[in-house]
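Structures follow.
Two complexes come next, and they have one chain in common, chain A, joined by chain B in the first and chain C in the second.
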Partner chain A sequence: MRHIERQKIFLLGAAILMVLISLAGCKTQHRFVDKTAFKGSHDIVLTFAAPVDADWARDASNYRVCEKPDPDIRLDIAGIHLSADRRIVDLHFQEALNQGQPHVVTLHNIMSEGKSLGDETVNVKKLYLGFLFSILIGAMLIHNFVFTKYLGLCVFFGTSQKKTTAVGMGITFTLVIVASAMMSWALYQFVLKPYHLNFLQIIVFIGLVSLSVQAVDTVLRKINPALFKAFGVYLVLVIANCIILAVPLILADNEYNAWESLMLALGAGLGFLIALFLMSSVRERLELANVPPTYRGLPIAFVVAGLFALAFLGFSGMSIF
Partner chain B sequence: MVSTKTPSQLVLNGLLNENPIFRLALSMCPAVGISTTVMNGLMLGIAVLFVQVFSSCTIALIKDYIHPRIRIPTYTLTIATWVTVIDLVLSAYAPVAYKAMGIFIKLIVAFAIITMRLEVFACKNSVNKSFWDGIGMGLGFMFGMVALGFVRELLGMGTLLGYDVLGFRPLLFFALPLAGFFCVGFMMAAFNYIEIVFNRMKKKTG
Partner chain C sequence: MDIELIKVALGGLALLVCIGLFFGIGLALAAHKFAVQANPKVEAVLEVLAGAQ
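Up next, the complex of A and B:
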């Protein structure tokens, strides 16, 4: 009996993975632009599906390149190199590109074999796995939600008194946030955005969070009662944590795709786990220390959290790859 | 438990005895995150006051029709509706302040203080009483935020509401975003100290 149930779960997991992969596959890239990539520190390389016209490709006014967060600042193109088979265009820039940010290239009126193929906008990102990894590490350490964004503090101070509680809360939170962030990402991309219902974001996301907490509760109770006994108590607290609502809002703002969303949610959960673990180790020792009566309890916990935040400030401005 | 307090007692209760930030220690995220200036504190305080008053009144109006088992989802959805209203209004009429507060306006939904007041007070009392309780809690939150902003802006930048008061910067450290942790910690300790001294004096005289 148990064996069959486990098999079912594996199947379910595999199905979810397949859906994720297919979702990541249907990118918004133009059908005519095969590949976009950074080359060196000054170049962007565009690969087209078929040869483009040399006159069109060599005219710098046909390209508009900017960083995704600053669409107003146009980057100057210093030179354009077209390959012999007229399929690869190399854009050379005067200044070094900030490859930590995705870049947007707008192509005006693409000409191929004398025919116009219309305007197109494509994104240029760093090596994709590296980019995903940098999102994960970024959410975990560099932009840690507790110490650099100051979110989820109520639950953070409430459950960091003992190490066992802290780890239990951290793991439960990571599971729930990954599930709820993926669901709200799908709902936002496929329902809210196409039907222009953006203003319903808050209501829909908070509803989904409560629903997914309830779902994890039910599933865990059926599948693994021992685990439920250990982590069930923390499930209620998960809803009271602002991070679980902040992550879907950030995903919606930044227009992340499925894999990027997964990485951000995972990073947020693991970052919370790290913060809780660090804090609980210190607070267990504080129990033995001789703290002045006015500082006992929360005040000293706040000062300790401030010191941790100072330490995490050291990560700021760091970039991976 | 129906409250028998008068409106003025309800407002004072929210401001002092059950101050959301310093006494109940709820909704600490905004207290640490965006209390860098008096203005920020004031703006978020107004937003929370609005949401608290309107959702308290809404719940007090419909409290007889809510089934007890679905009361928490009902509260959450009510708050989310009012937060959406204030979110859209602020982004249209005060875009600068809206940008300064960033994601925190949307996160008012998750502030524990509002849900807690609905559960503890609004679902048991009349609309009139809930209105005054909402005003008290909102003002208490605003008072806490402004007090924190006052200390941090004065010590960090030497200014108040953007006007130069001191002419120099006593402790630039307090202008850093993360100094919120220290500031809240120190102020809580100060409140505890006042309480200890007050109790000691009471013991002597009584």
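Up next, the complex of A and C:
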């Protein structure tokens, strides 16, 4: 009975922590730029925290706008409209914006109340559930980490011999990757980025991964010994998986906010689970098949993985919404 | 040497030390709080038994 109570408190604590992080995560941009958004098909709207100088705001050379994947192609601004309270700037473009891609707006030497606030770079993204869903499906199927990026292969081949171990590993991995990715995201946004310590990304992220694995190991051993036994050796194996390091690096690179990071981590974990399940189903059948002696074991597994990768290639280039 | 670079390097060092201390102490406390008593006899018996698997 006490075990169950303690477990509930633990879960509740974790949920509250997640919600707090997510709420804080809605504002990760520069402190002076409150909000950025697309408006209609041709406009980007920037909302500032305080009134900006009209001369600065109306000068088109102070803005540099491009799509995130093509930083060399500068988009032409056709007109600039400043609101009466001088806090909202509406940039009108000659051509319709491709809103499926995040846009990067660089503001040169922001002037407010006669004072310079320096340069700033902000991202403009479509922020609604569809975008989050497309990140989830993208990480899960379209850019599946195992079959299109070839990451995490060692654990993938090691634990895909039996369906039960494959599913156990997949679930453990999903839990750990979500926890460690959220921690990495918070540390990156609130410590590494503000203090210009981006070059320490890899070391810090590796530390966080091993920390979360060790913490789950310690806590689970006491709280739920049955589940701990079911996870067995896979919990420690998670550290040896490179997907778990790739996800924090990707979300730091793309400046994802908390919800987007959560979706990417969840998609990566579920994608790995799907890959493991598919592979283990085939390998269980292969045990019964008449495979030439040279190909028995790992070689035929690699051939099968290649075929799966070909099949997953069918998703490439797909975009949702 | 550029003083700014030295500052950044020292900041990085301080960050790593802080993270190490914070999470190290956290893990130590967790290990203490969630300690599991293992019976040494279990391992002794397992060692004596024939371990085919």
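Annotations
Note that the second predicted complex is superposed on the first by the 215 of 321 C-alpha atoms of A that agree within 3 Å, B and C clash if a C-alpha of one lies under 4 Å from a C-alpha of the other, contacts with A are read in each partner's own complex, and residues count from 1 in each chain.
Everything below uses one rule, namely that a contact is a pair of C-beta atoms (placed from the backbone, for glycine too) under 8 Å apart; a residue touches a chain by one contact, two chains touch by 3 or more.
As the structure is a prediction and not an experimental result, all values here were calculated from the model.
Of the two partners chain B and chain C, more residues of chain A are touched by B.
Look at A:L310: by the touch rule set out above, it reaches chain B but stays clear of chain C. When the shared chain is aligned, chain B and chain C each come close enough to touch A:G207. Applying the stated contact rule after C-alpha superposition, one finds that A:L151 touches chain B and leaves chain C untouched. Once the two complexes are laid over each other on the shared chain, residue contacts for A:P299 go to chain B alone; chain C is not touched. Contacts of A:F199 after superposition on the shared chain: both chain B and chain C are touched.
With both structures placed on the common chain, the touch criterion links A:V191 to chain C but leaves chain B unconnected. Put simply, chain A uses residues 199-200, 203, 207 to touch chain B in one complex and chain C in the other. Residues of chain B that touch chain A in their complex: 25-29, 32-33, 72-73, 76-77, 80-81, 83-84, 87-88, 103, 106-107, 109-112, 177-182, 184-186, 188-190, 192-193, 196. Those residues of chain A whose C-beta lies close enough to touch chain B in the complex are 147-154, 157, 199-203, 206-207, 210, 240-242, 244-246, 249-250, 293-296, 298-303, 305-306, 309-310, 313. Taken together, the chain C residues at the contact with chain A in this complex read 8, 11-12, 15-16, 19-20, 23, 26-27, 30-31, 34-36. Residues 187, 191-192, 195-197, 199-200, 203-204, 207, 211, 214-215, 218-219, 221-223, 225 of chain A touch chain C in their complex.
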